[in-house]
Each structure stands twice: as structure tokens, then as C-alpha cells.
Amino acid sequence: MSGESPEGRAYVGNINVSARRARKLLLGDLKLGKLVDWGTAFSLWPVHLTTSCCGCEFAAAWSPRFDNEQHGALPWIGPRQTNMIIIEGTVSKKMACALRLVWEQMPQPKFAIAMGACALDGGIFYNSYNIVRPWQVVPVDVYIPGCPPRPESVARAIIELQRKMRKKQIASKFVEEGWRPDKEYVMPKEDLCSWWRG
Amino acid sequence: MSPIISDIIKIIIWPPLWQLIVLGLLLPLGVVVFIIWFERKTAARVQRRIGPYHVSPRIAGGLQLVADLMRYMFQEIIIPKTVDVAPFIMAPLIALILSILPVVAMPFTSNASYFPIGMRYSLIVALALITLSPIFVIVAGWASNNKFSLIGGMREAYLITAYELIVMVSFLSASAATGSFDLVKIVEAQAGGKWLGLLNPLALLAALIGVLLSTSGFPFEIPESEHEVVAGAYTEYSGLVYGINMGAAYLKRMVYSILIALVFLGGWRPYTPGPGFVSGYLIPSIVVFIKATILMMIFSFLRAVYGRYRLDQALDIAWKYIFPLAVAGFGLSLALAYLGIY
Amino acid sequence: MSGIVRGNVGFNDLKIPGMWSRKIGKDLYEVFIGPQHPGSGHMRIIIRIDGDIIVEAEPDMGYVHRTMEKLSEGRAWIKAIPLFERMAIHDACNVTLPYVRAVEKLLGIEAPLRAKYLRVLLCEINRIAAFLYGFGIFGVFLGHSTMYMWPFGDREVWVELAEWLTGARLTHTYPVFGGVRRDVPEGFTDSLRKAIRYMRRRLEDYRKIFVDNPVIRARLEDVGVIPRNLAIELGITGPNLRASGVRYDVRKNHPYEVYDELDFEIPVFQEGDAYARVHQRVQEILQSLRILEQVADWLDKHPREPVMHERFWKTAPPLYKKIFQETGRVKLGAVMAIMKIPQGKAYERGETARGEISYYVESDGGNKPYRIRIHSASARNALVYKYIVPGHRVMDLPAIYGSIDYFPPEADR
Amino acid sequence: MPVEFAEKTVPPGRGIFKRFKGNIEAIAIGVKYFFDPKRSTLIYPKEYIKLRENYRGFIVLNAKKCINCGSCARICPAAAMKLIRRPYTDPKTGKTRMKLWPVINYNRCIFCGYCVDVCPTEALHHVNYHDVVFDNMEEMDQTLESFQQAPEHPTAKEGIPVRYIIDEEKGLVKVRVEGGEQ
Amino acid sequence: MEPQEVVDLVRRVLGDMVRDVKIWKGNDYIEVEIDASSIREAAARMKEAGFDHVKDVTAVDYMKEGRFRIIYNLSSYNNFDLSYYIVGLAYDIPRDKPETVSLADIYTSAEFQEREVYEGFGIIFKGHPDLKPLLLSPPVAEQKPLRKDFIVREEPEIKVEKKR
């Protein structure tokens, strides 16, 4: 709670140092990395940011017929409690700022799935003056083609992400080595949010 | 048996320790894990889908909560710059402790050697402790320095005024009937099938609705109503602290359910506790917990059937209908006492 | 609902029920609802609240504005069909049909009768699916998660039918200039009839768990009342308009395709509150089912015949005709991509699930549109937030939002 | 056909009895579906939907049939289909000339099926699956070689194919169909 | 009601404000051209005549002729016969001085649409209660994207293959 202190002299109340130590103990010494990967893989909660019309299929992907909750994914309301974002289609210039703000509000480790042609290379709106490519705004892990993709594709993307996470141990690496660096952003925040109010 | 082992066993079944660690912490936590899983699966079943599954296909996704817990454990805990850090962190922890604390006043058996803390006013103490934790929801909402958190906290504050009285009056109607504030005596008075809930359904109904109001269960899930105030007072919480918040809410409901099971549903009856640890303590507590779990399941089921009331409607219902109902229940209890049934 | 004022008075004279006037002071609390917010979808509503009462509400739209009007000016005529479809992909046929009809009007052609029936078929399937979508969103706004899941599950029945008919779940791109792209497959009408009977049965379940649920009634009755005059003044449309007692439906007032040959009625409710809008949608689903039954009967009675206008089908090579006879798939002529449309203006309207959509199409005789102006149902309904929401409580906002059935991509175009 | 508008009113619902009945009905229907959910959920990687033959999935080029007319690229609304210059050896005459071949970019493709429908020789066709995801965007930009075969369908190896049929009682009913590699 | 009757009605209501009337293809769209100066008066009269709401408000940029045409498409909800027709109340303003008057106080349904025309074409509606961009963010709206001199480029059909 009080500012930085040299490593090893953690006194009661310094959360950062205590967290670092706990992280070292649990992941380095106790080798809980696989458990972390397993837990994170089966608890990918996408944040409820509907950027565009792929939201229809996103909603259908959690409908009784496809029910992605079976993979442990539960669309959740606030960004603070989630760890995944599914970019559902076009991101307009106005929404891009919101997307970045939501992404920044999410706790690490976090992942992004780009859904639909618009989220990849603009789709049918490739030459529109009011859209941005989502991979310029946030670092994307899995891409789903289609306009809109089928709900199974969303499930397939989640499975793919789970597989990647457990194979490459992404989540535990994030936790152990610190977070995903910010330099992966293609577009700086000033470009996106210069006009934002709120 | 060597004396050391028997000493260890004695320590384990030493009533205060058993009560606090096993019944007060571990068993409720286990039940909460089960109930959250049950809630998701029930909702899924009513909604014609399957719910959590692939995490452990053989036990129908029973490990889902463990996975969620693992994620929460290792997620970054964000403390925004604008929050008041000390209350922001402390509020959920205190709320969690206060949610479980009422268990110290709750006996799970009539066998006096296994009372946690023997006291004559255990019902009053339990109710008093239960009603402390909402204060810290308001503190959490205030400390978060977020508009939605503040609104959520204020909603909780509004609702406290409504449900506090209902809960008090409806639970105290048991004292009115049995003439005692001691939970043991209240349960023992219900022996022989004279469950207060059956003889005085008005008070039971009022208590159930009061519990729904106070634990923000459907249809009164207003403080965390996600479509206006995102996550209510918990909007800014992330990682493990948010998990603690959620756990505290369920533990509170668990404690309320235990209290209802004791006061209205005959406690450990129809089982009659005997001497010794197993028959004098273990089985009666399991009976109580089963009753409480069934109540929790009913509360969970309502999520699948109801939407949520508006804030003013909830207050309206609470004051205009449920409070008179609770008072009527109290009157009925007095009548029962006058007739000499207890 | 005695507060509704009838008669020909202007907006300023209206006494709006629930309107709570108070001088706006300094102690207002400004809350931004959206765009990341489950209670607003991809738009933002800026509300200023005093206690629990909303004093001012200001919709901040455009988070999904994809500049369709401008993009259509740079593309061939036929490429605008999938473009406009993205406005409301779960209501695709209804949204694109008026554009296709406007261009057909400029060309001076009309689709063959069978194509008209097929268009109506997909329109009504889309309409039901879109209503169910709206119900689902509405349910979750009121915290009723089962009412989210059930309509979304039953919507899959209609999506499945549409997929069978057109080959895509949502973005059918079904009507094209002069006709449609597929004929009905074998056994389609039997499944359609089963789906109709199933839907009628399910509506009873919806009534029990949602429409007649006392919690839902309490949330919706006398909330978001749009009086008749105000509804006309604001120019809102669709089920919201009819729930306020205005007798207006493009399918009746300006019949297109074969709607004037079909036997159906338009329900009109007088109350104008959120609850009436729910009932309005239930009744409209029933009427759509009625239309579908008639269309299924017609399709059963009539054999497969070309579903493309003579002008495009006459010159089709034998291979195309063989493919159509075998699979029902209509091959498009290469002329479609480079077609020039005669100079002129056309205005065409259509009734989507959310209300009226209108296209103003202007051609300068080239192979690209000169100007297309779209005004969609949700864009018309957006005014409701500014004029109806103030005076209500904060928790009424999701109820009103859901009952309006607002779909941001459609509003933002 | 006369114009029909039917005036309706909302059924009354106030009063203790009506409210009580409403509550009971709601809980009863919940209990009914709790015991008999009539569900048809697809357990996804273990089962996959075998889509109908006319489904507009990924697009495959049959280069033997292609006459290099370029109609597909001209009609593509998303500019996903592009023409590239590649040498072509005519098997009959043995002459090598530059020709324009279509390639598709799945970053853009909106699966509208215009290209397939406009192709005069049926050189393009859809495959009936769609649930493929990619790790990067370069993979999705097809070359002429990769455009001649569809992307790999991962679920076909993992699961069993099912199809949904419409039922009066249950809505959608899952039935097992032939196919799949397992 | 025949289209000619609607034309007669419009002529009767608007009197000599009408410059030109055209019935477009399909016989349901009637374009009435009036003077830019008399638009408020015309709109008020049309509203009294039963055209109670605005279907849409739009502008068309005739760049070569140096003018914007602003069109208010009116229709009726109350009158069943009139509701079949759309009457487009059109007037021209010069392209180099894009200013006109707002009808938002006469037709509330035009309020948001005038904001849309404002952001797309940069046409200023005087007297509008809250004239600011509706859909676009301010930096994009400054470019006046719906004008014809703002060009969005289509990609060519032939791809220049990258060396791999």
C-alpha cells in the first residue's frame, strides 16, 4: 500500500511485493503453473462488449443450442472480472476508444479473439472511413473468419485458445514473468481517444 | 489407542474448534461451491442447455468452480488510483468474516457438551451479527469511487431499511411462540413435528422473502443488478477480492438458510441427539445442513424463473405486504403461545 | 392508463405521463451508460439523475456507424445488398428487400409471383426470428435469464429453416434484383408447418414464465408510456407505434410483394406502455405464423418455376436452367455486376421486425448509385430515449430500452 | 382484401389472485422444464453439425474448369476475391501464356456466395463447413494453390456428425448422421 | 387516393410556394420543389394538412451544379389514404454557403436526422436545439464525409502478388 520497497524487505501492507513473492512461491517453487493454465483455460469469461452485428451470433453461441458455457466461458458484465474479449465484428473509430479502455480495465492475464471478417480486415467495410482494424487496437490471439461466423466457430476459437494456453502455458507465463507488454499495440491511445469524454 | 492420537481427536472435536473451522468455514464453503455449481446447472437445465461440462465431463462439470477459483487466484488484482485503498481492500474481508461469524451463536445439537458458546440469547446474537455485513457492502461501494459502485451501495442502503425489520420480526416470532431466545430451546420446542414453519407459515414466508431481499436473491437482485449498475458495489473489484465478495454473498445466504432451518424447520429434528460425538454432534449438524442446502437450492432455483423488481417496487412490497405479513406471523406466534401449543 | 391525452395537440401541449419536472440544479449525477454496458448494447445513453429519477437522457449513437450510405455510392448496385444486410443481420431479408424493390422500380421490372412468395416466406421467418431475438434481449435486461435462453433457443428453429432455404444462417443475401437466389428445397414446407405448430405451443410457455409473470408485469406496466400523439410526433415506428394505438403497418398501408393477397390482420394496442409492446410482439408473431401457413400452402400447390425475372433469366445458358431445376439454386448473370440503372429517384419502404425502413435511391444512370439514404426503424425509435426516458427511475431504463427493441447497428447504419 | 387492424387490449393482471396465479404458473413451468428440459444442446467438439449440401461455407476453386473470366472478382462485394497473374500452359497446344486467376482472402470474405453463383462454369463451389479458426492473418490470405483445396476441418476428426431436424414437440432434435472420420 | 389527387392537395396547401412537382416511378413518391426561403411556412402548412411526421431528412450533393438539395420526406400516420404516399419537400441551397433553417421545432421527428445531415454534409441548420454530430466522432465529422468531394477508394480487382 505504501510505495515501492526493495525486494526482500516486504513489510506488512506492501501488496506488490507480497504478490510478487507469492507468485514466486506458487509458480516457481510449487510448480502450480499447469494448474493455473488449466484453471484459466476453462474459465475464459468474455467481457460483454458488443462492438457490432456479430453480437447476434455471439449471443446465439450462448443460446441453448450451442451453449458455450459448457467450455466454462460465461459472458460477464464488467471488464474487471473477466479475462477475455471477443471482438464481435466491425470496430468503428468511436468504438475503438471504448475497446481500448475496456481492454485496459481488464486484469491480466487477458486474451482477445477477433470474430468476423470486419474484425480481421474490414470485411465488406474494408474501405470505410470510420472503422479501424481491431488488431491495431488490442493484441489478438485467435481469428475467426466468416460474416458472421457460425456459433460453432466461436466454440472452436475458445477450444483453440484453451489448447494454445495449455500447450504453450501462456497463462502461467504471463503470471510468472509479468504481463503482456504494452508495445504490442499498433495504435497509441492518443490517436484513439483524443475526443473521448466520459 | 495411544494417548497422543486420542488427544488430537479430542482437539479436533473440541466443540468451539469444530464449530468454527469445520462447520463454520469448511462445510459452508463446500456447500457454497456445490450451490454455485447447482445454480448454474439448474439454470442451464430450466433453460434447456447443459451448463458447465467440458472441464470435467465425468462429473458434469463439477470442477468448474475450481477452475474459476484458480483463475481468480492468479488474476491481477487491480487497485485503481482513485480508490480509497484501505477500505477498498478491507471491506470485502470484513464482510466475509462477518458473514460467517453468526455461526458461533448457532448450536447444531441439543447436547450441551457440544455447544460452541453456550448462551441464552443466541438467536439475538446471530441476528445481530448477520445484519452487520451489509454495512461493508456500502463501504465497498463508497470506497470504489465509481458511479455505479456508489449507486449499488446506496441501493443496498435503501434495502437494509426494508429487510432488516422483516427479518427481525419474523425470526423473533419464534421467540414469541416458544418463549425463549435460545436457539436450542426453540428447536427443542419444535420436537414431535411441531415445526414452526408448518404451524406458522406466515412467519416462514416473511422470513424467506426477507432473506431473499437481504441476500439479493431473485427476484430482489437489485444492488448488483447488472443492467443498470454493472456489478453494483463490486464493479471495481477484480481477481481474488471479487471472488471473496461473491463468496461472502453466498456465505451470508448459507448462514441465513441455517438459521431458517433451525428456527422454522425443526433444526436437527426429527433426529434426537444422543451422547457421544457421532450421534450427539455429527448427525444433527448434517441434518441441519441438509435442510439449509435444500433451502439454498430453492433460492437458486428462483433465479431461473424470475426477473428482478424495481428498487421502489421492492421497497413497496417489503413495507406494504411483507412487513404486515411478518407482523401477522408474530401475532400468530403469540396466538400459538397463548393456546399452549409450545 | 387514463393519463393518455388524445386529440390533435402539439408536442409541447402534451402532458406526458410519468414526466417529472423539476428545475435542473447543480446536484445532478451524471451517469454514462455504455458503450461497454450490458444495459445498453453498443450505444451510450448519458443520463443525469436526481436521486433515483432520470432528469435528462441523451442517446449517444454511432458506435457502430459503418458509413453504409457513403460506401454504397462507390460500389456496383448489387454489391449494396450484402452491405445493407449488415444493418440487421438477424432480420436480413426484411432489411434488404425495400432496397431491391427500389432498384426494381427504377428498372421497371417486378419479380415473378413465386419469387414474391419466397421473399414473403423469408421475410416472415426473419421477422419471427427477430422478434424472438428482441424478446431474448428484453428478458436479460430485466434479469430474467430464462427468457433470454428460451427465445434464443427457439429462434434457432427459424434460423435453421432460413439456413436450409438460403444456405446461410443470418446473412442470407436472398432477394436480388428480379427475383431470389434459391427455390425451396424438398420437404421444406413440412418442416415449416411443424415449426409453426411448435412456435404456437411455445408462446404459451412464454406467457407463463414471462408475459404473465407478476414480476415482469410490475416492471413493465405503466412504464415508458408513449401516448398516441407523441408517438406520431416523434415518428416512431413498428410494434412500438402500433402498441400506442396508431394503425400503421407498411404491409397494409403500402402493400408490397404479395401481402395484399394474404389474409392477416395487424394487432393494435391502445395502452402504449412497455407491457403493451410485449403483447404487441406476441400478437405479431401469431400473425406471422398465420402468413407462413398460407405461404406454405401456396408453395405446395404450385410447381417449381423460374424465380428470376424474364429479363435476366431469358438469356441464361442451359447449364443455369439445369442447375435451377436440380438444386433450386439460381445462377446470377455476369451482367449483375456491371448493370446500369436508369436515371431517376425511387422511394421504397418495408416493414421490418422493428418497424419501417425506408430507402431513398437516386440514380444518375450509372453503374453505381448516386445517393442512397437509409432511415431504419431503430434510428426512428432512438428519439424515445430523449423524450420518454426522463421522469422514469434508473431501473426503468433497461425496461424501456428492451421494450423498444432497439438494435444499434440498424440505427447507426 | 380489406385492410384489417385488430384493436386489442392487454389482459388485466392486477389483484391478489391474478398475481398469485401468475407466480404459481411461472414456478410450475420452471419446475416442468427442470424435470423435462427437452434440450438439444450440441456438445461441440464431440459432436458437430453436418451442414446441408447447399450451405455457403468455405470456397474452393476447381482450376480445371476456370475460364479466367474474372466475373467472381468483379462481383465480390468485399473485394476479397482478387485476380492474380500466373503463367498457364495449355495442355492441348502447349503454349504458355499469362492468365488471370482468382484467389480469395478469408480476412475479407463475407460468404455471400455471389462468386459461386456468378461463375459461368461452376468452377467455384462451397464446402459445407465453417468452423475453422486461424492463429494469424497471413494463413487466411489464400494462394492459388491453397485456394484449390478447402481449409482443414478439425472437428471432423474429433467428433461425430449430427443434424438437427424440426420437431413439433421439442423444436430442434439432434439426430446422428453418416460421415465423419471416426 | 390517386397520386394526382395528392398533387392537387399539395398544390392547394402550398399555393404558389410550389416551384415544381414530380411523380416518380412507382407512383408513390411525389417530389415537391419549393423555395428555400419558404420552407418553414411550407412545412407548417403541410403538417396541418395531415403530413404529421418526417419519414426522413436527407441531402443530396450535386457537386457539378454547385448546390445541395435538402429533402424532407413527409408522410402520414393518421390518414390512411395519405400514408400510401411520400411527399418529398425539396429545396436547393448553394454549395458554398451551406446554411438553412431547422424544422426540428415543427417536426420533432426531424431532430436527429438534421444532425445527421449536419455531420455528413456540413449543412448548418439554424435554430436547431442541439446541433452537433450524431453518429460520427468529432474528428471524422469535420471531414464532411457524405459530400461528393470526399472520396472513398475502391480496391482494384487485380492483385499485385507479393514476392513470397
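Chains here go by letter, A, B, C, D and E, matching the order in which they are written, and residues are numbered from 1 within each.
By our rule, a contact is a pair of C-beta atoms (placed from the backbone, for glycine too) under 8 Å apart; a residue touches a chain by one contact, two chains touch by 3 or more.
Just so you know, these numbers come straight off a predicted model, no measurement behind them.
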Third chains touching both chain C and chain A: B, D, E
Path length in steps (a step moves to a chain that is touched) from chain A to chain B: 1
Chain of greatest Cα-centre distance to chain B: E
Per-chain Cα centre nearest the global Cα centre, belonging to chain: C
Chain pair with the higher count of C-beta pairs in contact (B-C, D-E): B-C
Centroid-based (C-alpha) most distant chain relative to chain A: E
Centroid distance [mean C-alpha coordinates] between chain D and chain A, Å: 26
Averaged-CA centre spacing for the pair chain E and chain C, given as whole angstrom: 23
Geometric centre distance via CA averages, chain E-chain B, whole Å: 62
Between chain B and chain D, centroid-to-centroid distance (C-alpha), Å: 48
Sequence positions of chain E contacting 2 or more other chains: 80, 136-137, 145, 150, 152-155
Residues within chain B bordering two or more other chains: 46-50, 53-54, 226, 230, 304-306
Junction residues of chain C, two or more chains touched: 32, 37-38, 62, 65, 67, 70-71, 74-75, 82-83, 146, 149-150, 153, 156, 171, 209, 213, 247, 412
Touching pairs - complete list by chain label: A-B, A-C, A-D, A-E, B-C, B-D, C-D, C-E, D-E
List of chain E residues in touch with chain A within their complex: 136-140, 143, 145, 150, 152-155
Footprint of chain C on chain B - complex, ascending: 43, 46-49, 147-148, 151, 218-219, 221-222, 225-228, 230, 303-313
List of chain D residues in touch with chain A within their complex: 39-45, 48-49, 77-80, 105-112, 130-137, 140, 154-155, 164, 172
Touching residues (chain side chain A, partner chain B) in the complex: 1, 15, 19, 23, 26, 35-36, 38-43, 63-65, 67, 69-72, 77-78, 80-81, 83, 105, 107-109, 171-172, 175, 179
Contacting residues of chain E [partner chain C, same complex]: 24-26, 28-29, 31, 52-56, 58, 60-61, 71, 73, 77-78, 80, 83-84, 86, 88, 107-109, 111-113, 120, 133-137, 145-146, 150-154
